[in-house]
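Shared chain: chain A. Partners: chain B in the first complex, chain C in the second.
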Partner chain A sequence: MSWRPNHTQSVFVLIAAVVAFPFFGGASATTVMALGGLYAIVAIGLNLLVGYAGKISFGHNAFMALGAYASGILTVTYDWSPLAAMLAATAGSGLVAFVIGAPILRVRGHYLAMITLAFAQIVIIVSTRWTEVTGGLTGIPGVPDFSILGFAFDTKQKMYYLIWFVTIVLFLLSFRIVDSRFGRALRALGAHEAAAASLGVDVVRCRIQIFVLSAVYAALAGSLYAHFLNYVNGTFFDLSVMIQLMAILVVGGIGTLWGPLVGAVLLVWVSHSLGSYAEYSQLIFGVLYGGALLFLPRGAVGEIAARLKGTGSRLRSG
Partner chain B sequence: MTPSLLIDVQGLTKTFGGVTALDKVDFSVAPGRIAGLIGPNGAGKSTFFNVLTGVLPGNGGEIRFDGKRLNGLQPHARVRLGMVRTFQKIHPFHGMTVLESVMVGCHTRGGAGMLSAMLRLPAVKAEERRFREAAEAALAFVGLGRQAQAPADALPLGHQRLLQIACGLVTDPRVMLLDEPASGLDANETARLADLLIAIRAQGKTLVLVEHDMSLVMKICDQITVLSFGRRLANGSPDEVRRNPKVIEAYLGSGEHRA
Partner chain C sequence: MMDLLPVLLVNGVVFGAIYAINAIGIGLVYNTTGIINFAQGEFIMLGGMLTACLYGQAGLPLLVAIIGGVALTVVVGLLTERLFIRPLWRRGAKDWTYVFMLFAVATVLPNLVMLGVGRDPLTFPTFGGLPAVQLGSVTLSSQALWVLLVTVAVFFALQGFFDRTLLGKAMKATAINRRVAAWLGIAVEQMVAMSFGLAALLGAIGGVVFTPLISTQFDAGVSMTLNGFAAAIIGGMGNMRGAIVGGLVIGILQSISTAFISSVYGDAVTYAVLFGLLVVWPHGLFRPLIELKNEEI
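Now for the complex of A and B:
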């Protein structure tokens, strides 16, 4: 194949597709795609952590939960404006990530995966048991529509556009991040830690920063989720969400910038098409995950890039 | 401690479980010189670099760099002070181009962080431009100017060694510690490497060279330190070391003389 779209063309097509989708897809498909956008937001951040900095978190479902609950509680119980609640929710979750990450990321090894997994289980348990604050198993109904300066995102379609606006902004920012002093340091330490440190990269600091950023993205998605469904419930964010996020990264292409986007859209559609087979969804995600690892080790995007160019490095580096 | 020494190591010790890889090693080098560090396989040369640069913690001894005590400093902090090293085993940054890899070495020359990368303000763009120019100049200097856009892990070994040197050079070091830069190079490449190292020294930089290629070491080093089983066996000018019976024995004894 001799022609391949350049970055600007690809992004243009993406934006056109996102804008046009509700007109052709219909209401229920638009809702599915909005969900895809939410997952993409989390996956974009997680990919920077896992795919570029080489650290694994099993707790990003919990950061989504923190964002969602903080937004839900602040708007419903304390009557905050959605925007103020969202800012507080994301900042607070970033702070929690810092407190967890700062000591753990100092040590070499896969402690982050273990600690975040434990943290996530605690968050989910607390969210379903601490009834006075979180509503327990009932959750928090009546979360208001999101609004900015009096403009209310009061339909699913408006929320779809808001979510995808955020998704595309974060997607484009990820290109900037990867192609920067910070991003090069991140990729270098992901490839070989001692070699990066020996060129002056403060490995611990970079890792903490990207962990916090990825947690902030997850919390932002969680907050949007609460306003999208007008409802928060701990079961939305259980371990299966984390498994889906990992499947998104692996299927889309870990360490590629388009991977999280492509993976998220693919996965929400798989999930949606399962319909009445939903009880098997864990199994199916597991099979997808394993199948991708075996047959598409570079993920869909990595594989396509390799076919088009002979190596995956162009898309990986943005 | 004489201030005229750039690196002054006293009694450096490193053990791995029961193995004493470095046994109270003294080592020093004055600015602007090329110091050789030689010894049979397993003598502790790479370990010496690892402890000197902070990649591994030591078990004893003192490291002074331009009079400042380095013990306990993180590797990246030592780079900021002007000490950079290359690795015996190459570690290309997978997924990055040659140019990007060298730009990693520019890290300590700037300050743009994660948020400024996202905002990409004019100051950040200017910094990127400076980095790119410095990296391109370093690549041209080592002779990899044309490989700038190649994936870093696609370079042949000889070029990987040059790439490591370019990465080190852009950190603007006062001393470069080179761990077997000639291993895997053919005679032509080694000759060019010798010229390159002499050119780097001519820029006022100090070099410490770990090498098995004796003709290279004898040709360009001002002083040579010999390690054997973690101990300093000899230290002096190339001629002194060459004639030292203990050195001859260590090398013949282990059958390691590859000249």
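Now for the complex of A and C:
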């Protein structure tokens, strides 16, 4: 008789671990874990898109960039309050995602993947070259600390708690989404599009909604990133970030709720431990997720869940 | 301004040729598998880089280096299918898995090249043997002529292959309906392997004729993939004649936008056009060879 944690228990353990971590981990480890939380936010959204709706984006690094730049520019150049800037940044990015997704997601096949890749290239080109607005390669220094109603998140540790609070809220929200009517439609869509459509699922609308939602998650993470580092730079959001996100998804387990969270925490430490080998990060993450696709198709969480259920690891999926 | 136009057009046509070859390569893989090959541009980069290495560092004669570079790239293409695509195929993986996998290949290959060769752009001498051609006020260099001739030769060779040979017909049958092709005794897996080998061959040939014109470097593949994809979209996925037209359209557009709008945003303009095209004509100006069916990837 093996012990299986239920979801509520697992979530409480997660919250306890998140709260306790800074007291045991120390300052630099807390900073790393805060970055892990940021990646987890993007990965949770991407997981809904890829794992449940079966569509791919190679451009979520660009939505992070949009969120970060919008927050940076609005707070530094236009003196907006961080919260207002964050709301505008996420809403604006969602709108951009809608403009991209609405026409492309009507088409079958993986055109979204190619278009988002092209979109990300454009965003990176523009962000590093449009010097008057984005500061070019120098970026935007002096982004103020995040604050709500006069309470400033002025230390890395406070930001850590803010980031993980958002992460956990979005994580729980993803549970709700997956279990909702919308989530069931989404899963039907990922499993078999024609069948889903014939059962009355508005396939195109569903896909667009989930794409926009995932872009909003990414922009929110980008905005938090800008306040966390007090600095925005286009090179923070280049293709390497997207590759790391894909590694997080695949290693953690695509289409599992805990996968993005576990993947993000695991891989942020891999990334951190690279240190002076950071040059090889693309190579390492590429090999890591290519290998995981071949040898660990359900990802770490999918594999563990299957073992706990006692169905063995021979089940084929992914 | 207007006297620049002929030069830009000719330049655009030469660049368009490489995009056309790329679009045909993307179409070949798409036809047999329904997968968009995100690693197609890497084959172009590899063909150029490997040849440059064999010529410059190993000191081989140019012709031997070219043959070696092309052969090695084809091996990489075949290995990609064998090691990374076939296992997914056999376990019946979901379609996004292939896209992820090819993206991993497109990530790892340039990084390996960077480790082995470095970040510097490499090139090798022009082939020579053909005269430069004077077209009114524009001179078409000997290497540019090579690019155009090889593109035309590749086009007709492939047409002959698909129309005249049994193997080519079997590949075409696989493209049109995989299941029926299997019932007819066509070894579908081998056709898929063939399509990756051919795509790598096309990429390598493109890389080899093109590299003497502008040089190449480890990270040149992504924009090649995107431009080839744009050409393939305009031409209708898998439609060879369409791919040629699409390549020329993208090449000319890029050449003109680089000159008149901004060299910095040249690529951005192409991507913006690609996006606009997909919005207006998602299926391209020409009909694709096959419409993607739902139950197949």
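Methods note: the second predicted complex is superposed on the first by the 308 of 318 C-alpha atoms of A that agree within 3 Å, B and C clash if a C-alpha of one lies under 4 Å from a C-alpha of the other, contacts with A are read in each partner's own complex, and residues count from 1 in each chain.
Just so we're on the same page, contacts are C-beta pairs under 8 Å (C-beta built on N, C-alpha and C of every residue); 3 or more make two chains touch, one makes a residue touch a chain.
Owing to the predicted nature of the structure, the values given are computational and were not obtained by experimental measurement.
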What is the contact status of A:243 with respect to chain B (first) and chain C (second): first, second, both, or neither? second
Is A:88 touching the first partner chain B, the second partner chain C, both, or neither of them? neither
Output check: A:274 vs chain B and chain C. Expected answer is one of first, second, both, neither. What do you get? neither
For A:209, using the defined touch cut-off, is the partner it touches chain B, chain C, both, or neither? Pick first, second, both or neither. first
Once the structures are superposed on A, label A:32 by its partner contacts, choosing first (chain B), second (chain C), both or neither. neither
I'd like to know which partner A:266 touches here: chain B for first, chain C for second, both or neither. neither
One more residue to check, A:176. First (chain B), second (chain C), both or neither? first
Partner chain(s) touched by A:194 [first = chain B, second = chain C, both, neither]: both
Winner by number of chain A residues touched, once chain B and chain C are compared: C
Common interface positions of chain A, toward chain B and toward chain C: 194, 316
Would you tell me which residues of chain A are touching chain C in their complex? 50, 54-56, 58, 100, 103-104, 106-111, 113-115, 117-119, 121-122, 125-126, 129, 190, 193-194, 239, 243, 246, 250, 280, 282-283, 285-287, 289-290, 293-294, 297, 316, 318
Per the touch rule above, chain A residues touching chain B in the complex are 173, 176-177, 180-185, 187-188, 191-192, 194-203, 209-210, 213, 255, 311-313, 316-317
Under the stated contact criterion, what part of chain C meets chain A in this complex? 34, 36, 38, 84, 87-88, 91-97, 99-101, 103-105, 107-108, 111-112, 115, 222-223, 226, 229, 233, 264-265, 267-268, 271-272, 274-275, 278-279, 282-283, 292, 294-295
Contacts from chain B onto chain A in the complex sit at residues 53, 55, 74-76, 79-80, 84-85, 87, 91-97, 100-101, 103-108, 110, 112-114, 117-118, 120, 124, 127-128, 131, 151, 154, 167-168, 171
